[in-house]
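Heads up, the next two complexes both have chain A, just with different partners, chain B and then chain C.
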Partner chain A sequence: MEQRKLSRREMLRVLMLGSGAAALAACGAAPSAEPTAAPAEPTAGSAAPAATAPAAVSQTGSTVTITYWGSFSGALGEAEQAMVQRFNESQSDVQVEYQFQGSYEETAQKFTAGLQANTIPDVILLSDVWWFGFYVAGAIAELDALAQQAGVDFADYEPVLLNEGKRRDKQFWIPFARSTPLFYYNKDIWAEAGLPDRAPETWAEFSEWAPQLVQRDGDTLTRAAFMHPNGASYIAWLFQGVTWQHGGQYSQPDFTMTMTDPNTLRAAQFYQDTANSLGWAGLSADINKDFIGGVAASMLASTGGLAGITAQAQFPVGVGFLPKETAFGCPTGGAGLAIPSGTPDEKKLAAMTYIAFATNPEQAGIWSRDTGYMPVRISTKQSPEMTAFFEANPNFKTAVDQLPLTRAQDAARVFVRNGDQIIGRGLERIVVNGEAPSAVFAEINDELTSAAEPILQDLKAVEG
Partner chain B sequence: MTLSDDILLSRPVESAELRRATPRWRLAGYAAMILAVLVVGLPVYWTLIAAFKESREIYSIPPSWLPLRPTFANFAAAWEAAPFGRYYLNSFITTFFGVAAEVTLAVLSAYALAFLRFPRKDLVFLLLLAALMVPVEITIVPNYLTIARLGWINSYAGIIVPGAAIAYGTFLLRQAFLVLPYEVIEAARVDGAGHMRTLLSVVIPIAQPALVTMGLLSLVAKWNDFLWPLIVTNTSDMRTLPIGIYWLRNSEGVINWGVVMAGSLFLIIPVMIVFLWVQRYIVDGIAAGAVKG
Partner chain C sequence: MASIPQRAGSVTQRERREWLLFALLLAPNLLLFGVFTYWPLLYNAYLSVVRWDFLRPTKPFVGLANYASVFTDRQFWAIVLNTATFTVCSVGLTLLLGLALALLINQPLRYRNAARAVLFSPVVMSGAVVAVVWSYIFDPRYGLLDQLLGFVGLNSPDWLNDPRWAMLAVIIVYVWKNLGYAVVIYLAGLQGIPRELYDAARVDGAGPWARLRHVTLPGLSPVAFFLSVTSLLATFQSFDIIKVLTDGGPAGATTTLIFHLYELGFVAYNAGEAGVVAVVLFGIMLVLTLIQLRYLERRVSYG
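So, the complex of A and B:
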């Protein structure tokens, strides 16, 4: 099989992408251009006569062993291993080996280096901000033909989630562990303030409620009505929704930056006011901790944390749709699966077989119940197990109900390298330092525009 | 070697001036010491108590300074969450051979740089200094590619070999060898000792504190190394302890810190034991003067 190798120039591009994101890998791992990678000699040593001809998978009695690189650890890692085990036990043609490669950032960097050293996996988990860079570099394969062979019914996938992984009508990235933001509130504090037991409909309504939720000791806020995360904990993801709610956006699909759009600025001004002139919100590096500890009455946070927060909090946790302003707006997030273009053909089909299994209606339901990620299949929601789960976990139902209303994020955050952090730093300046949104976002607009240039060039080369 | 008198490692810190210091300065000294102990000790203390706390307690604000309901559950949960027995074995193997290789190479090269005469020695030393300035992260890509081409991905050799020679160790030992009392080495030469004999019977015993220090630093660095082993291994059975702890964290949502801290103690305790055992050799070496004053 002709393995696609990156040219030196493409390689550098991806590496640079890597260095940016590494900085935000909050885990303190090394900064710059490190990649890393590893291997896919998937079959090495195991029983698989992987050398059989393409597509031989289903006929011969041989087993193809494929390697799967993922970023799930802890409870999520156990759920992922259980998924792989169910797959391996369900059939004998394909054996999947799940290999944990660190955070999303570390996995992507390891993949980058692996491309160079020709040690790549057969299936890889890539987060929303990573897959596009590999697509532009030609490192991940087009999946439509494979999906057809594996009998995948794309019509049953949540369209919002599926379409995000599409370029020029071809599928490159299949939704798997997807999350969205939710509005979380502390029901005890809500009751204490005499508020109705629900999330606010609009930000205007919340602004009326907020003063009753705060506690002060002199001039210092000891309990905030609302907590913002900082740049490293992805404020730009949550603000994405707030921007849309105000009628603004980060950028247009053609990468024209719109950070200075009056409505985008209005949203930024609102964020600043919450912390400054209105003074009921704070900004913190770990909003989950503050919310669970009771020093923040509410927050916007990922659905991915719902189960953990509910388990740790010593008060009943309430959730709701994101508040509206002039409109509703809520982004998606999380990670999906891709197949490297360098994977040999017979393994590509085996890899697709696994992806088809992991996202089939039944497995998508198990995964969703185990982890708190959104079910990626439409029919999953009607399954009896899911109905029972919704009854036991009404908060999770809320998260799933919000899903069809979400939309894919703006290119400025997910497709521009380091876009998330560029916007995040700007928001920190606005919220923490109190700098004028118009001045800060004008700078950010320029920074994003120049950061987008190389991507646009590459994109032109790939898509014409 | 006129420098040697000034740079002696064993130079006593306490001087006549200090002894005459006013109580106020003495007090300030103690305050500084207490501060240093707090800064260094608090995170360790926090790790320790968090390992015995229930998860809810860790997240409660204000924090508690002693576990309200001490529990061992975190240790059991951590041990079961990943094959820690295997991680221990891998960590022992890679650390042991890694340190052995690093110390051996550092001793031999430092001896050469300190005592042998050969052309362009200064250039070699300069190269060494240059290597000292290169951040590890920079070398990761070339190292990875080299190891991949050797076919050493996911093997002990892949973990150990790139870290087998560290410029820092050679540099540290060379400096230590240079300040050894040259008379003793000369005496050995006069008695007919060759290089190996001089190294083993004279240089190493006198430089023991420096050697032990360097060995300890190397041990801690290799034992705690995270990035390289993560990069160069793929399967769970080749992974080391630090990666095991990372596995205990949740990638999204709420992290169960109690379990992570219990896992961290798995990592810390062996190094602490080694350190407590080895530290007396540092002191011994200093005390055992080789030259009569």
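So, the complex of A and C:
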């Protein structure tokens, strides 16, 4: 009779295969434990997310506890904690628990995973490029009836910002931490170069100034006149404005991609030139750090970083409107609040109560002054606190003044799943690798077109 | 183990009991492997032939379309090349430098234990922390490395933002972090080589080089084999340092297959194409492991 026994060698082999497979399985897990702060916000010096301050809870039987997933850490995280605490102390019906989830991308990742696992928050912060995908998937709730119940007056919200979160006249996404890009400059370096104390009017003007702003050590640029962020830090958001300034666009409203439009290419060529033939700009993973450290004399960055950057910089910070080329162009950006469809009804109203609080005229003003994000309420801008604040901090007023000139972004970046990163990676190749814009953007055009297909199908199913 | 022929009845019973015990002892492991390894593996293979974005209720079957789209992506082959460069250089350097350092600190030097502790300490640090620290060291304007290069009159490259240097930077950090592990394993191997072999070699008139070549290296071959397998598998999976140090950039210069899988799956939400990359990775690791087992192991002397 034959006996089948595993020899030691065979056993080893089985184990080895097992460990190889285990290795692979480990690859499948989302290794997103590192807190990478949302790059549109100041990351330099930002510490780990502040722990949730346990607010004093008067535990009556009727208190509804809701969970809020957000993306703010560092200075922004502290401002957000303070907002939640003010809410929790202002009433005893609803208790909000703020849970930091990582960057905008990581928050969306966790929400996606949460939908599968059926562990979802009751309020969620979604960025400009993420809310739409969840809307199409039916994962976020229509808010009009809830808003009415909670006594929210949509008429007092900035229409530019409010309308972005509307589909077929229904509100799905309420503006909260909304921003625009600004031109930031280091006033000390400006003065040293003998330049007027303002942002450049046009890119042509800046191209004349730039050589006076750079410092070199041999071939190395030790101080760049201007710094581009990388794809992960949303270069495609900042380039959106620059594209419009050149008369181009990413796509038409019907999702027809226009990356190879001559003016879009002209803008891409300009970006390449800044780093190559003109040689006064660089591309970096953390432009806020470079700007604060004096390694970059200027940059385009979110208004949402204004408070943090001003506090951390050892020099006076100047800001201005985006430079023009043939036209002015500036996108809105940032994040808004949504309520998942799967949230139980009794919690939905509680969630809306928090959103109503966080965007009421008074709180919107505090949030805006704490961070630099736009006041989302019309009446906030005229409040005496805001007027006094603008007088003391004219930089913050610049951001608000630019708001009426902004427009909603092209579908290719905000509605196409991953469109932002697809364009961002293409721009990295153009700026860093020096690849021909026409070739890269032709490829990107195809990639965006095929990425848009499923979205268009879903959109048709949802909206008809 | 040769089986000793016995009377049929008792053999069957004993055998059955043996098998039962065998199964009982194996069950917890098999269950864990099944749930967390083999099932995900099969499910991943299934995902690679459907289109899914982690959100839709349905997963339509698309055949090999995901494979076609992954393999025709012009960046894909650059990513494969990146992975090969990263793996070969990291594993090669770790094994070679680890051997050199192990031989060095195996000498009866003073402060030998301190040197071992210093060498091993990066191994226990978190990859994310290591990457953050090194991102300052690599800074071309104020970084430590820039200052060191300055002493010899060189300018620091813009390590992390220049596609020509970024991969080297990642390899340097990776090898620095993992070198200590290789050294410790080599040291254990060195302790295990019998002294008599060296004495015999000396008697035969072998010089230091000949002793290294004919005694030390063959004696170390089992641990070198073990290290090559484990570090190859670990390197293929390394993610944390790349994510924090370069985020796969600039312009994809440090995007490896694992990083690509992450981007496709958890940034682009394309479960199908991410599944394809996982299948490719599995295939590569399987083949490499089989080669190592069948070919390398034969040449290893277990003494």
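Some points to look at:
As a convention for this text, the second predicted complex is superposed on the first by the 401 of 464 C-alpha atoms of A that agree within 3 Å, B and C clash if a C-alpha of one lies under 4 Å from a C-alpha of the other, contacts with A are read in each partner's own complex, and residues count from 1 in each chain.
The criterion applied here is as follows: a contact is a pair of C-beta atoms (placed from the backbone, for glycine too) under 8 Å apart; a residue touches a chain by one contact, two chains touch by 3 or more.
If you're wondering where the values come from, they're calculated on a predicted model, not measured in any experiment.
Using the contact criterion defined above for the overlaid structures, shared-chain residue A:V295 touches chain B and also reaches chain C.
Of the two partner chains placed by the overlay, chain B and chain C both lie in contact with A:Q116. Once the two complexes are laid over each other on the shared chain, residue contacts for A:I287 go to neither chain B nor chain C. Applying the stated contact rule after C-alpha superposition, one finds that A:V94 touches neither chain B nor chain C. Contacts of A:L161 after superposition on the shared chain: neither chain B nor chain C is touched.
Using the contact criterion defined above for the overlaid structures, shared-chain residue A:A364 touches neither chain B nor chain C, since it reaches no partner.
Of the two partner chains placed by superposition, only chain B is touched by A:S103; chain C is not.
Of the two partner chains placed by superposition, A:A412 touches none, neither chain B nor chain C.
On chain A, the patch touched by chain B and the patch touched by chain C overlap at residues 27, 30-34, 36, 113, 116, 293, 295. If you check the complex, the residues on chain A that touch chain B are 15, 27, 29-41, 67, 71-78, 97, 99-104, 106, 110, 113, 116-119, 179, 288-290, 292-295, 302, 304-309, 311-314, 334, 372. Chain B contributes residues 55-56, 59-61, 81, 136-138, 140-141, 144-145, 148-149, 153-154, 226-227, 230-236, 246-256 to its touches with chain A in the complex. Chain C meets chain A in the complex at residues 1, 3, 8, 11, 15, 33, 36-38, 40-41, 44, 51, 53-56, 74, 128, 140-142, 155-158, 160-163, 229, 233-234, 236-237, 239-240, 243-244, 246-247, 249-252, 258, 261-263, 265-270, 278, 281-282, 285-286, 289, 293.
Taken together, the chain A residues at the contact with chain C in this complex read 1, 3, 5, 12-13, 16-28, 30-34, 36, 105, 109, 112-113, 115-116, 133-134, 137, 139, 217-223, 230-232, 282-285, 293, 295, 417-418, 421, 425, 428-429, 431-433, 443, 451, 454, 458.
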